[in-house]
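Both complexes shown next keep chain A, but they swap its partner, so chain B is in the first and chain C is in the second.
Showing the complex of A and B:
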């Protein structure tokens, strides 16, 4: 039954323009990053690592969180329009799965985007003539970035369920990105979902995480995801539609 | 008769303002229950509470003999609904919209096609809904509500925005549902004529209060005939009537009598003429449903 709910949710994305946005933003990040890299090869001498610092700065720090916010706002906009919450909330499915199917759909979308970004990174690296092996850490950055996206998705979904405006939750996510940057610099990054993304994707530091940090990273993300998912489910259960 | 829906003291307050006040609704199996009231009377709010879309401030709901809060999913799986304007994903085709509900409700392809057939949308099922006319959207909404041929169908103003032909068509469809598919229908409307034509039971709500509930016959029994008499000298006539012990009311230049038998009318006529009061008119009136409705809601406003 849960699988059917997900496939119903997936069907809603057909013929939608969200795919265009999903593809454009990573491409822009890669372009900006690689142009930066190309013109600063004098100081950026660490091949793949240096390229990563440039592309991931645009992507992991700005475009990905905004992309997550856009996905969440879009998925909820489909329900805000034409009072489609009426259809969703009178379906014989548990209210909690109304939320979790949406979260899973977003997780799938972000996963696809992460892989797409990795492929773009690889292609651009080859075009720029990087001769060394692509570092194995990239897989970790991509996967951890995806994992950190879950807690941000839960927050953004909670916001978009309530806020009918498409732009407002995206604006909020932009603010959170800057707060996240501040938290990261003050070394409180582990306690703020938007900084966890920077940490996970190795945006500002490519030094690997220690085992303790890794555990901390996963535990914090799981906690944030559960916390904000519960807020969202509580909202769906109690608010009038 | 089995009860399909019962509510007990169902109430809803929005920001402290009462919108639905202790409503006790009873809908029997096989009924077409017409839920009638002016705009803003609390019809939609009540229906949305029955579907769990709005949470009651007070009161209980029992549907299919089960408490709603404890059996939400089970009840919803046997309930179809069309609330307010029809809901749809406009970037998808009619069929794709049906498919979404099909997956959520675990329905066979055959039923999907049958529901589309009933509302005559088979030919347009592959068109994007944003290119549908309002009437087609409404019909799609009804097909979506009917998709699993539920035990209970809740329709909120289903003929809103339809042209006269469309309205007749939807009415005929709704009328046929109880016999053809064993569906109990709860339909709200602000149009008295609509209720008159299709409902077997009626609930009248105004300002959140349920003013009348009963069968269509019970409602019609309220439209008893009355006699009005106009004379040349009503003042004198009134004196005579009082001494004779008749009960009556005066409405402009008419004297209004309820429960007056033929022999009494003849007697009064003779009496007046005997006293040289010319009788100008003796008329029988019947209250229309509209009069009853206005009496109940106490408002001389358009429905």
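Showing the complex of A and C:
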């Protein structure tokens, strides 16, 4: 049943051209970040690390959270059209599966974007002539970024299920991004999912996380994901769609 | 026409769109004021009004294109969601009026946001500066320039929102615009003029100038050529969008 639910979600995305949106934003981030790096190499002398600060700043801080919001709104778009929620709710699929499937699909999409971003980062670094080895931390930034995006996906999915408008959850996401930035600066980043993404991706600080911070990071993300997924499933079970 | 516009606002009455704009701009204003406060504590002699206006204008380059995209999408997509396009088109109302009503409605919502910003700037600057003289002309010019830039972006955004039913594209476009709006200050002047999202800083009555290695804030008067170009862009995008919408199959 679960496998069928996943293939049903894929089927809905089949001709959607969402991939166009998914690849455009990382490409723009990489392009402008690398141009900025190229013209400021006198100041940015830390090779791969400096390049990362330039390409990941806008991507990790603004584009990725909004991209997650777009994916979540998009994956609920068909259900909101023509009262399709009624069909979904009356199908012989547990409500828990309906939500989990959507979350898995978003996780896969975000994972693909992250890998795509990593490949672009590597290619641009080579084009710019960076001679040193690509730092091993990069894999950690990408994977932690993906892990943090799961908790954001759970929140956004919860919002997109409730709000019929496509743009409103994206607007809320934008607001949360700035609250997250504030929380990060005030060093409360570990307690807000949108700041966890900045911490995980090493957007503002490339210093590696300690073991305790790593554990805290993963525990908080798991907690947020479970919490917001439960909220969403509870709402789907109790509210009149 | 008035009825068409009031109908648009009637449809928005439970959409909490004013609240959404207030919250977005609230975040932006808070961030900008924090940044200005830090800057003023480091350089107490820098002019308060000018610093605040330029900071807000550069942040508008990021925020307002995204807000324009969201507002435009919410106003146009509600017809897709409610399947009401056919109902609207079959009413005794020209398509061009429907398009105009939606554009005016979006513009009014943006105007609310910009006036809110101006109000917040006034309060913040009075608390920060030693004098209580409010430079009304500067504020009015700030409102005017921000609205002009927003109207260009709204005209283009509404066209895209109505041309492509999938709102992901319109919002993605808005995001790219926001990104270009914030990074465009690093572009050369000639390139910057072609990027409409850079007009928030380009048209702002106060501008940063580098003189002898130091940063200086200078008031600028907009040339007639620049203003004409902006108005022309509004007209071109609006007419192209309206024309496209009038011939589109619903």
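Everything below uses one rule, namely that the second predicted complex is superposed on the first by the 241 of 241 C-alpha atoms of A that agree within 3 Å, B and C clash if a C-alpha of one lies under 4 Å from a C-alpha of the other, contacts with A are read in each partner's own complex, and residues count from 1 in each chain.
Here is the rule we go by: a contact is a pair of C-beta atoms (placed from the backbone, for glycine too) under 8 Å apart; a residue touches a chain by one contact, two chains touch by 3 or more.
Quick caveat, the model's predicted, so the values are computed rather than measured.
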Partner chain(s) touched by A:81 [first = chain B, second = chain C, both, neither]: both
Which superposed partner A:16 touches (first chain B, second chain C, both, neither): both
Larger contact residue set on chain A - chain B or chain C: C
Which of chain B and chain C A:186 touches, first, second, both or neither: neither
First, second, both or neither for A:92, with chain B first and chain C second: first
First, second, both or neither for A:8, with chain B first and chain C second: first
Which of chain B and chain C A:240 touches, first, second, both or neither: first
Chain B and chain C contact sites that coincide on chain A, given as residue numbers: 16, 81-82
For the chain A and chain B complex, residues of the former touching the latter: 1, 4-5, 7-8, 11-12, 14-16, 78, 81-87, 89-94, 238, 240-241
Chain A-facing residues of chain C, complex: 15, 20, 23-24, 27-28, 30-31, 62, 66-67, 69-70, 73-74, 77-78, 81, 83, 166-169, 171-172, 175-176, 178-179, 183, 186
Contacting residues of chain A [partner chain C, same complex]: 16-18, 20-21, 24-25, 28-29, 32, 36, 58, 62-63, 66, 70, 73-74, 77, 80-82, 164-168, 170-171, 174-175, 178-179, 181-182
Complex contacts: residues of chain B adjacent to chain A: 48, 51-55, 73-74, 76-77, 79, 81, 83-92, 96, 99-101, 103-106, 128, 144
